[in-house]
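These notes open a run of structures that come right after.
Look for chain A in each of the two complexes below; its partner is chain B in the first and chain C in the second.
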Partner chain A sequence: MTADTPLLEVENLSVAYGDRTVLHDITLSLRPDEVLGIVGETGAGKSVLARAMLDLLPGGGRVTGGRIRVGGRDLATLPEPERRALRGGTVALIGTDAKSLLDPVRTVGAQVADVLRAHRRLGAAEAKAQAIELFAKVGIVDPEKRAEASPHQLSGGMAQRVVIAMALIAEPSVILADDATLGLDATIQVQVLDLLVARCRELGMGAVIITHDLGIVARYCDRVEIMRDGRIVEEAPTARFLSAPATPYGAELLGAARARPAPMARAAAKGATERPLVEVVNLVKHFTTGSGHVVRAVDDVSFAIPAGETLALVGESGSGKTTVGQCLARLLDSDGGAVLFRDRDMLGLPEKAFRPLRRDIQMVFQEPYVALNPRWTVERLVGEPLGLDPEMAGAEARRARVREMLELTRLPARLAEAYPHELTAGEQKRVGMARALATRPAFVVFDEPTTALDIRVRAQIIDLVRELQREMRLSTLFITHDLNSVRSLAHSVAVMRHGRIVEMGETERIFAAPSHDYTRMLLGAELPIERYTAA
Partner chain B sequence: MTLSDTWRKLPRPLRIVLGRLPMVIPQMFGVIFVTFMLARLLPGDPALLMLGNMATEESIANLRAQLGLDGTLWQQFAHYMLQVLHGDLGISLFTSNPVATDLMERAPATLELVFYSMLLTVLIAVTVSVVAVVRPRGVADYFSRVYGLAAGAIPDFWVGLLLIFLFFSTLGIAAAPFGRIDPLVTPPPAVTGFYTFDSLIAGDLSAFRSSAGRLVLPVITLTIVNAGALMKMTKTTFAEIWRSDFIRHQRASGLPSRWLVRNALRNSLPPIITLVGFLVGFLLGAAVLVETIFSWGGLGQYAVQAVTYSDYPALQGFVLVAAVFILVVYLVVDILYELADPRIET
Partner chain C sequence: MMKTLADFPAFVLRRPAALLGLALLLVQAAAILFAPLLATHSPIEANPLASLQPPSAEHWLGTDVSGMDIYSRIIFATRINLLISVIAVAVAFVIGVPVGLVVGYRRGWASTLVMRIFDFIQSFPVFVLGMALVSVMGQEIWNVAIVLAILFTPIFARLVRAEALSLRDRPFIAAARCSGATDAAIMFRHILPNALGSSIVQVSISIGMAILLTAGLSFIGAGVRMPIPEWGLMVSTGSQQMILGIWWVALFPGLAIVFSVLSFALMADAARDYLDPRGERSR
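Here is the complex of A and B:
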């Protein structure tokens, strides 16, 4: 094998499930020391492609045409033992959700050692020693102790490092990272990917990064393949793609990934001494864990949101941002402080007195599918909160309002009769919004509205929120860790860490000149494509 | 604080055992109380029952005093408790032996039967379900489906009689269904009470052959009846884990199939442990029909006899011993369960 032999070659590959072809005529190659990005939305066939490269097509898929060569050898003609040796030995896969990829009842050190022993003749103790050595290299602190831990004792980022160690330990020549950092905090994502790519470069491995995040591609990939509906629609060096995508679809993706122009002019004129619509004063919420530990989830938090404005609450998972939102909507009882809504403290109100206020204070939940009753139609779901509104007693009035809401959230009217499981993720989010907006609230808490959505869907949701805000003069609390959407939506930003707000200010100011170290770290972990597309 | 720190520092298996063991004391107390109340709730005066219709007032009063039945309920309970703690379970009305002696004689018979049946049940159920899942649409898969359908519907006495008819009466290759050992062979001196173990300890090969041969048919009968449930459950659990992300990831990492099976099986253990524990407790009394057919002379038969002849001390003794045995089984199950799943907090 010369230095120029591609590590991995896919030639006119087609894959079908029954009569349905899911991959059409895919051709791509990976050279040594190259990082290739494969980008596509949900259902584009990225994961099937990755599994095909390991000859592990899930659930009855079969190759109907073309071939895959690994290091010049045709995968289809290899005998089974060599194919097994190739998995993990030559081509290693890193999947999504590291915790689910680890055996829950065994120590992680043993699991990594197992992979090594599957590919080399080694004793258990020696394999374990090498695993621990590698743990240190993938940034696991205190590797000896961690090696003895079970997966449930690790954080998501730590588990992801273990999975990376599993992929690296047999020194393969190709790493396939299939949405490997999905669901991790941005700061962790950057650490993990930096490390992975650095290791690959160091060892001269090739890597294929499969993702729907163009920011990741921009930062790490030499070349990018754009996939859509099982086909590769565009292939280009990353820099060229980012500066001038050749296909309309590529251009559309790129446009969707860009942050929207700076937030709208402040709704309230600076001089006006209008009181804020919502004011949170020294809010406190403690949780007591099973073992009697007190967790200060929200620790003395204060902020104000003027009418018609958006405050973004950003921070990593566990920082307490969702808890703040739930305290505001009174889904959780607070342990101290006050929440003034139109200058009236709502926390002290008895449930009966607060109930009419719920019309004005609504929440859009993080996981739309979980938050929607699966046995109800969209019409019933959207109409339910109208029960809070005495003017909406008549069935006709309700019907009209539901139609209006569907239109407002750009949902086709025919979906009124659909059930949640029949909707796409983007449609579910919209139903969640329509439901929250049905009573025409003055204040809405959005909990991670753009997380885990495809690029274009995310852009649509962001545009929708912007328009809604303009049309309804909404005040919103926008809870997220997606900084791209913060830039596009928020007037001001509050950065939360360990239950406290460490920095707060206007969006432009925070992004341009963060003053707190933690804010700088958060911003540093963002992978905006603007940094690479700017000429 | 320091105490809980020391506790945390103990190895996990030790914490599990130490945490679970003390629970046995209140459980035992409860069991003894319930068996005591059970006897009180039964209709009729035990003294009258024991002496029969011809008893005089005086002899009844004497016997009542002797049985400790003349005090208050709590005095009686204390008396009973004391007796139980001394291993005195009363005298059987039917055999005229101390109940404890009777039970000690019969319990090993049943336990030996249950032991080998469970061994075979687990072996067959787990093997078949693993092979059925790993090779779908193979022989094992179809076998497990057909058998799974039939298993719940086969009565044990019918299987036992069928096996006797086929292998003893017709083919003549199986040992006679008359007890645990050939009457012409001397049973080995009791060490464990299991004839197969004791004969090996004594180095008596003819006794071993005879007792092992006698075990074959009843063990197969119980296995055929019980393996179905375990097989169905193991198959479901194992299949789910076999499809899980982490097994797929291990396959993608190039681990050999045998390791994958081992790891998936390790993850399927908790429900298997629970069901096996349940079956052991269940078989203790439920093997009675099989014991009767094979003239086994075990606990189940003794209990039925006790009921038939209104032998209350024997019945009470049986219930107590069975309950204690089940307690011990569940203790072991709980401990194994926690050992098998590190996610359980201890």
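Here is the complex of A and C:
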């Protein structure tokens, strides 16, 4: 094998499930010391491609044409023992959700050592020693102790590092990272990917990063393949793709990934006397864990939202931002402070007195599917909040309003009879929004409205929120860790950490000149594509 | 997941085991509806002259010690046995499901108390409890049904409570609360429809159990009394002759129990597969 031989070659590969072809005629190659990005939306066939390269097609898929060569050898002609040695040995996969990839009842050190022993003849003690050595190299602090931990004792980022160590330990020549950082906080994501790419460069390995995040591609990949509906539609060096995509689809993805220019002009010229619609004063919420330990989830938080404006509450998981939203929607009882809505404290109100206020205070939930009753139709789901509106007593009035809301959220009317599981993620999100907006509220809490959505769907949802805000003059609290959408939506930003607001100010000011170290760290972990694209 | 009850017959027709269960159910339905036409003799009239006759053209399945026709008694007993079972399970379902729903949705001392009462009921050996209750209330058909209903109520309550406990913390319940749903609306419109699946399966299982328990209670003398035709009682009276080689008195009502329980068990299986959204694929 010379230095120029590709590590991995895929030639005219087609894969089918039953009669359905899911990969059409895929051709790509990976040279040593190269990081290749594969980008596509849900259903593009990215994961099937990754599994095919490992010769591990799930659930009855079969290769119907073409070949895969690893280090110049055709996978299809290799006998089974060699193929087995190849998986994890020559080609290693890092999947999403590290915790589910680890055996919950064994220590992580032993699991990583197992991989090594499966590929080399080694004693248990020696394998373990090498595992611990590698743990240190992938940035696990105190590796001897961590090696004795079970997966549930590790944080998500730490578990992902263990999985990376597991992938690296047999010194493979190709790493496949399939959405390896999905669901991790931005700062952790950057650390994990920095580390992975650095190790690859150091060892001269090739890496394939499969993602739907063009920011990751822009920062880490040398070359990018754009996939759509099981085909590769565009292939280019990353820099060239970012400055001048060759296909309309590529251009569309790139456009969708960009932040929307300048948040809309201030809703109202700021009259100094106008009282804010919502004012949170010294809000406190404690949780007591099973062992009696008190967690200060929300610790003395204050902010105000004027009518027609959006405040973004940003922070990493565990910062308490979602808890603030739940306290505002009175899904959780607060332990202290006040929430003034139209200058009236609503935390002290009994549930009965608060119920009429729900008409004006609504919430859009984070995960669209689980926030919809699986046995209700869209019509019934969107109509439910109308019970709060005394003018919506008649069935006819309700039906009309539901139609109106579907139209407003760009949902086709025929979906009124559909059940949640028949909708796409984007449609489910829209139904959640239609529900929240049905009573024409004055204030809406959006909890992570753009998380886990495909690039284009995310852009559509952001555009929709912007439009609705303009039309309905909504005040919103926008809870997110997606800084890109904050730029596009929020008038002001509050940065939360460990239950406290560490910095608050106008969006432009925060992004241009953050004053707190933590804010700078968050902004540093963002992977905006603007940095790399020609303006 | 969103299957309706209307699709259930088609689902049954595609599965041989379910089809067998359905066929056996139909046989029992026929026995209940047309008992007087199907029976060849009176089920309760003793005939000392025809005592303990083996199966013949006159008495298809033979006669028992009092000379009563076993075939006719089995046919009429279907009415008694299924009546007791269905009433017992219906009462248990109607009481157990809402109790389980409320107890699962609202935690508190009252819920704990209800659950401890259920623990108390369920910790008794079934037959000891049955004998105690029947001996207090008297050996009537209705009392047997009441005993079974008391025994089954905790089962349904527990099933629904377990579902309600996990459903109450799901985001769609929080979303419903934001939409102004009251506690009653959350319990009955949101949680109940999502919590019923396992209880619906349990209905079939419980009817099968009820038939066995009724028979068991009669067998040990705590159920219905002669001359009422009841399968367990028939097995009980016949068991004394079994060792003398007079096998037909106990065997045929025994088989009736087996087929009846089997039919409900098969339907329970079918219902479970039908309600499980993954059922079709994992088969």
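Here, the second predicted complex is superposed on the first by the 531 of 535 C-alpha atoms of A that agree within 3 Å, B and C clash if a C-alpha of one lies under 4 Å from a C-alpha of the other, contacts with A are read in each partner's own complex, and residues count from 1 in each chain.
Everything below uses one rule, namely that a residue touches a chain if its C-beta (ideal position, glycine included) is under 8 Å from a C-beta of that chain, and two chains touch if they have at least 3 such contacts.
Just so it is clear, the model here is predicted, and its values are computed rather than measured.
Q: Mind checking chain B and chain C on superposed chain A, clash or fit?
A: In the superposition, chain B and chain C stay clear of each other.
Q: Does chain A have more residues touched by chain B or by chain C?
A: Partner with more touched residues of chain A: B.
Q: Contacts for A:317 in the overlay, against chain B (first) and chain C (second): which applies, first, second, both or neither?
A: Neither chain B nor chain C is touched by A:317.
Q: Using the touch definition from the top, say if A:435 reaches chain B (first), chain C (second), both or neither.
A: In the superposition, A:435 contacts chain C only.
Q: Looking at the overlay, does A:355 come into contact with chain B only (first), chain C only (second), both, or neither?
A: After superposition on chain A, A:355 lies in contact with chain C alone.
Q: Classify the contacts of A:367 with the two partner chains as first (chain B alone), second (chain C alone), both, or neither.
A: The answer is second: A:367 touches chain C but not chain B.
Q: Kindly classify A:42 by the partners it touches after superposition: chain B alone (first), chain C alone (second), both, or neither?
A: So A:42 meets neither chain B nor chain C here.
Q: By the touch definition at the top of the document, which applies to A:451: first (chain B), second (chain C), both, or neither?
A: Neither partner.
Q: After the two structures are laid over each other on chain A, how near do the C-alpha atoms of chain B and chain C get, in Å?
A: Once the two complexes are overlaid, chain B and chain C approach no closer than 10 Å between C-alpha atoms.
Q: Identify the residues of chain A that lie in both the chain B contact region and the chain C contact region.
A: none
Q: Note which residues of chain A are touching chain C in the complex, please.
A: Checking each residue of chain A against chain C gives 326, 329, 331, 355, 358-359, 362-363, 365-367, 370-375, 384-385, 387-388, 419, 421, 432, 435-436.
Q: Residues of chain A touching chain B in their complex?
A: 51, 54, 56, 58, 84-89, 92-93, 95, 97, 100-106, 111, 114-115, 118-119, 150, 152, 163, 166-167, 170, 290
Q: If you look only at chain B, which of its residues touch chain A in the complex?
A: Contacts found on chain B: 244-246, 248-256, 259, 263, 266-267, 340-343, 345.
Q: Which bits of chain C are touching chain A when the two form their complex?
A: Within the complex, chain C touches chain A at residues 1-2, 170-172, 174-182, 190, 193-194.
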